[in-house]
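Below you'll find a set of structures to go through.
Both of the next two complexes hold chain A, though its partner changes from chain B to chain C.
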Partner chain A sequence: MDTILLIDCSDDVTTSMAGLLKGNHQVVNVSFEDRDIPGKNKMIILQAHDDLDAISKKISKIRYECKFRDIPIVVVKQSEDQIPLEYYLSSGATEVLPLDAPPGACRQILQGYLIPSRKPLESETEYLTPFIENTINVLKATAQMDAVFREVYFSNDFRIFGDISGIIGLSGVSEGTVAVTLYWDLARKIIANMMHVADNQLNAEYIHDGVGELINVISGSTKKRFKGTPFHFDLSLPTVVVGSGHQLGHPDNSSIAVLIFDVAQMAFVLQVCLKPKQKQS
Partner chain B sequence: MLFLVVDDSMVARTMVNNVLEPMGHEVIQAGNGQEALKILDKLAREVGVVLLDWNMPIMNGFEALQAIRSNRYCDHISILMVSTESEAEYIDRAMKAGANGYLAKPFTKDELIDKINSIVQSSSE
Partner chain C sequence: MTEKIILLINRDAAFLDQTGSTLEDAGYHTRTASEMRGALALLSANAVGLIICDKALQDVSGFDLLNFIKKDPLREKIPFMFLVPANEQGGAFKAFELGAADYLVYPLAPQILVDAVDELFATDDDVPLPSGIPEAHPTAAANGQTSPTDDPIPVSGLIIDVSRDGVLWLPGNVQSFSRQSLYIETALFGKQGVSLLARIKRADGTFVLNGYIKEIRFEDFQKPAIIEMSVQEEEAWRRIHDDLTQKTQHQTQEAADQPEVEPQLEKTIVMSPTGIDKTAYKTGPFKPSKKKDPSYDRRFYHSLIGRQLDNYRAITLIGTGSMGGVIQGWDVALEREVALKVISYGLSSKESFREMFIKEARVVSRLNHLNVAQIYYIGTSSDILYYAMEFVDGLTMKELIAEQGNLNNLKGLEYFITVCEALYFVNQNSVIHRDIKPANIMITRAGNIKIVDFGVAVSADTVKKTTNNQIIGSPMYMSPEQVAGLSLDNRSDIYSVGATFYHAFTGQPPFQGTDFKTIMAHHVQTPLPPIRKKNANVPAALARIIEKMMAKDPLERYKDFQYVANDVKALRAHIVDRKRPSSRQTKTSG
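This part shows the complex of A and B:
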């Protein structure tokens, strides 16, 4: 049975959420300090309170512990709470629900987040597999690190929680974008290994530049696997974006495959958005 | 031997630098083809090997390769293309334009050392 984890929720909110989420879910309320590994949970619900800084830090911490898994974090708040939604969303929350919203609407919103992500189609597997294999190869060859592909989910959300992303535009027979997103600690470790130096010898400029080089090498080495297929592309120069909760631009009306990798007890993601160009009639 | 390492990524340049220097070579760096040509205007005699990335802003590695090969003061320089562009036609174009070798990214430290040893050996013959 899937677990819905409530964190620091009052008895009233716990009862209300249990009522809304009844079904094949176990609803458990714990204190923030006693929380289980969030990756095991289907959804995490926090109750907002007056200490905004504390709730923001809790959301960020939980989002980090999710290791890029597609686990919705829902904040429930009092109706008189005038804090802009963006405050919670930029910390890592997926949704903010006012406590006085109609139960039917709340139930529908919550159930929507519990729908499992679809599996990749055969045509998607065809272009995702080379990206997965090459990402592992690149990490091994350049940073001497063993990355393991964990899972894929599809998203239409441009927001990704991590500290730094390298993104590269693809054009030609196929078009789209590929981006790698990491938390700062793992980015530092990978770039230090790539340069054959100790972690503490790197400044932010090197990490910034190195993440651009990383996505360049991943995309470039994958490109040749698509020679003669509808997925072949040319590369642009990479761009790097820094900051938690940053947004990456992908082409409109495209689903984004989010590939999660584990490495050195941390995680990073590769977002792939690739679409063969429509033939002109 | 003096190496000119040309890549728009500072990390890629430093990574190569950190392999070449312990091998006893000297290294100067450039961030694009145009910078590389400016350096060669002054130091063509001293430079023995140029390592050239392909995709760079301002002037890409292929344009720089053509410019170096059309400069008679650079005839003695060996050129190793080091690039993520690893499809056969890119390698063909580079070799026909006068590159002495091609190393596709990603590569291991050992693969880089082997390629450098081989290019140094052939340039001293």
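This part shows the complex of A and C:
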């Protein structure tokens, strides 16, 4: 049975959530300190309170513990709470529902997030496999680190949670974007290894160049595999983006594959959005 | 030129060491790379003023790199010097063709190299710096003075896009601006000295400004930085700057950011006739509720992306309509693309609307016609009601009109004929679409017409039986009887098709106004503005057909779509005949 973890929720919220979440789910309410490992849960629901800074940190902490897994974090807030949704979303929340939101809307939205992720289409596997293989190879060759591909899910969200991303635009026969996103702890380790410098010597320039180079090499080496195929692309300049909950610009109406890799106890993701160009007759 | 960085690219490490030393001794800064990838990384990180490149690199040929650089708008102006072996000087011609500034022959005498580089740097002072490092302000440099005081002016709510490469754009919040600089808060993690583009959307168009990162201020690396972007003195920036200054002073920024009214008027509405004076347009078919937030619908559709409903994988959200959201999907059983239409949360909780949604699916499923998007399946998964239908990959007529200005050509006439024939079939099956408009006519990549969104379509029998008191349709294309909330027949669709093709042939809808009430009143009361006044090139016969379709009184319109199609076909044949050379000759000789 899937567990839906409620954190710091009042009895009222627990009751109404249990009512809304019909089906084969076990709803468990715990305090933030007693929370279980988020990866085992199907959804996490957190009730917002007055201490905004504390709630933001809690969301970020849970999101970090999810290690990029597609686990929706839903914040339930008081109806009089005028804090913009963006505040919670940029901390790591997937959705924010005020207590006076129409129950029909809440039920459908929660239900939507509980539907299992889809598997990649055959055509998607065809272009994702080279990215997976090259990411592992590049990390081994440039940073002497062993990455293991864990899973893929699909999103059309512009937002990914992590501290830093390197993103590169693709154009040509196919177009789209590829981005690598990491948390600082892993980013620093990889860049220090890549640049052959000690962790404490890393500065903004090393980080900028290291993350830019990482996405450049992953994309560049994968590009060669697509020569002569409908997935062939050219690369633009790498762009480096920082900030918790930063947004990346992927093309409109596109499906973004989020490939999760584990490196020791840490994780990073490669987002691939690749669309072969079609012409209007 | 304030910097003289030379990028040396060669497979031979010894050559790079030796040549690099020669140039450093001559006062130049050098960077070295052995392959294209490394060279591009160095180009993005440094203000390179000259590239000296070998014919063969580790990963690609030097010609490939030269070709790539010369196609890159941000780097094309960097002088490129090619190195060729003495016995292969033919390669130099190819390099010149691709845009190289000069070439040198192996083996290379140090003084010849330095002389050639000196010469290039001496002559390229008027070439803009490729990677964005600033030159001294020309006026200030000439006068030996600093530029006049130009304190940054604070501004709020000005959101722009920033980019390093013109491909990927990230949002930026302009904090302040001066004549030379924009101060932007952005998550883009730049580097001092690198080039930057800023895209500003305004009422009079979208402008892309060139510049470079002059300074970056971080509180910490986990938060967005404030970037000072030095902006090139271009006419566009001068205009924007002056305008912004004026607006900031008069606090009229809001006016520039006001959303356009017109696109809303193309949306489908459902309301009661008495509701015209109220706010029903905003709230749609529901009783206005203070708690109603339309974003819930979109958030619900969004929650389905990346999930699987029965056999259908939800790929990406295509759009939202009057009854629900449309998601591009993939049928895993039959392995084909589909469009998944999902009922909105507000409607799904009301039994009558669930029924209407199911009815829509049934209505469309019995319309088996090449030009009507087909329904494949209707189902409920996790309590979510949806149907899977034919995925139409192409453009809407609305997008085509926006792209081409108008469709006053033979192709437009063909679309007109096809739409009439398809709707004749629809009407013959006792179905009235009730929402024909450019956005609901799609042109596939193969050039076929598909009529979509039967969300408010009804059976003609139902209409006759119902005491109708609802206004349903899109204000810009509604028939007068729709506006009045009267019962409808096929002639209401004829009016809407007339209005749609009025728009298609002239590039403008028949009636315009700032709000839907005004436009709806025009449909009832105002004589149709002559088509040829809006586009004199529309043939008079075509104007007459559309005017007849848009008669206020349904009895004065065509009886059915077959008559319209026949008239348009005759007109088309006449036009084609007139265009034939033999026809012209006959007329001349006769």
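Criterion: the second predicted complex is superposed on the first by the 279 of 281 C-alpha atoms of A that agree within 3 Å, B and C clash if a C-alpha of one lies under 4 Å from a C-alpha of the other, contacts with A are read in each partner's own complex, and residues count from 1 in each chain.
Note that in this section contacts are C-beta pairs under 8 Å (C-beta built on N, C-alpha and C of every residue); 3 or more make two chains touch, one makes a residue touch a chain.
All of these numbers come straight from a predicted model, not from anything done at the bench.
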item	value
Three-chain arrangement built on chain A, chain B and chain C clash or fit	clash
First (chain B), second (chain C), both or neither touched by A:83	neither
Chain B versus chain C as contact partner of A:100, first or second or both or neither	second
Touching partner for A:237 - first (chain B), second (chain C), both, neither	both
Partner chain in contact with A:216 - chain B first, chain C second, else both or neither	both
In the superposition, chain B vs chain C on chain A residues touched	C
Touching partner for A:205 - first (chain B), second (chain C), both, neither	both
Touched partner set for A:121, first chain B, second chain C, both or neither	second
Which superposed partner A:108 touches (first chain B, second chain C, both, neither)	second
Touched partner set for A:28, first chain B, second chain C, both or neither	neither
First, second, both or neither for A:197, with chain B first and chain C second	first
Superposition clash, chain C versus chain B, among 2-10, 218-226, 398-406 or 542-550	2-10
Contact residues of chain A, present in both the chain B and the chain C interface	205, 209, 212-213, 216-217, 220, 235, 237
Contact footprint of chain C on chain A as seen in their complex	22-23, 70, 72, 95, 100-102, 104-105, 107-119, 121, 153-157, 163-164, 167-169, 171, 177, 184, 204-205, 207-209, 211-213, 216-217, 220, 234-244, 246-249, 253-255, 278-281
Complex contact set, residues of chain C against chain A	37, 40-41, 44-45, 68, 74, 163-171, 187-191, 216, 218, 221-225, 289, 291-293, 296-297, 299-309, 313-318, 328, 330, 345-346, 348-349, 381-384, 393-395, 443, 445-447
Chain A residues within the chain B interface of the complex	137-138, 141-142, 191, 194-197, 205-206, 209-210, 212-213, 216-217, 219-221, 223-224, 227, 235, 237
Touching residues on chain B, where the partner in the complex is chain A	8-12, 14-15, 18-19, 55, 57, 83-87, 104-109, 111
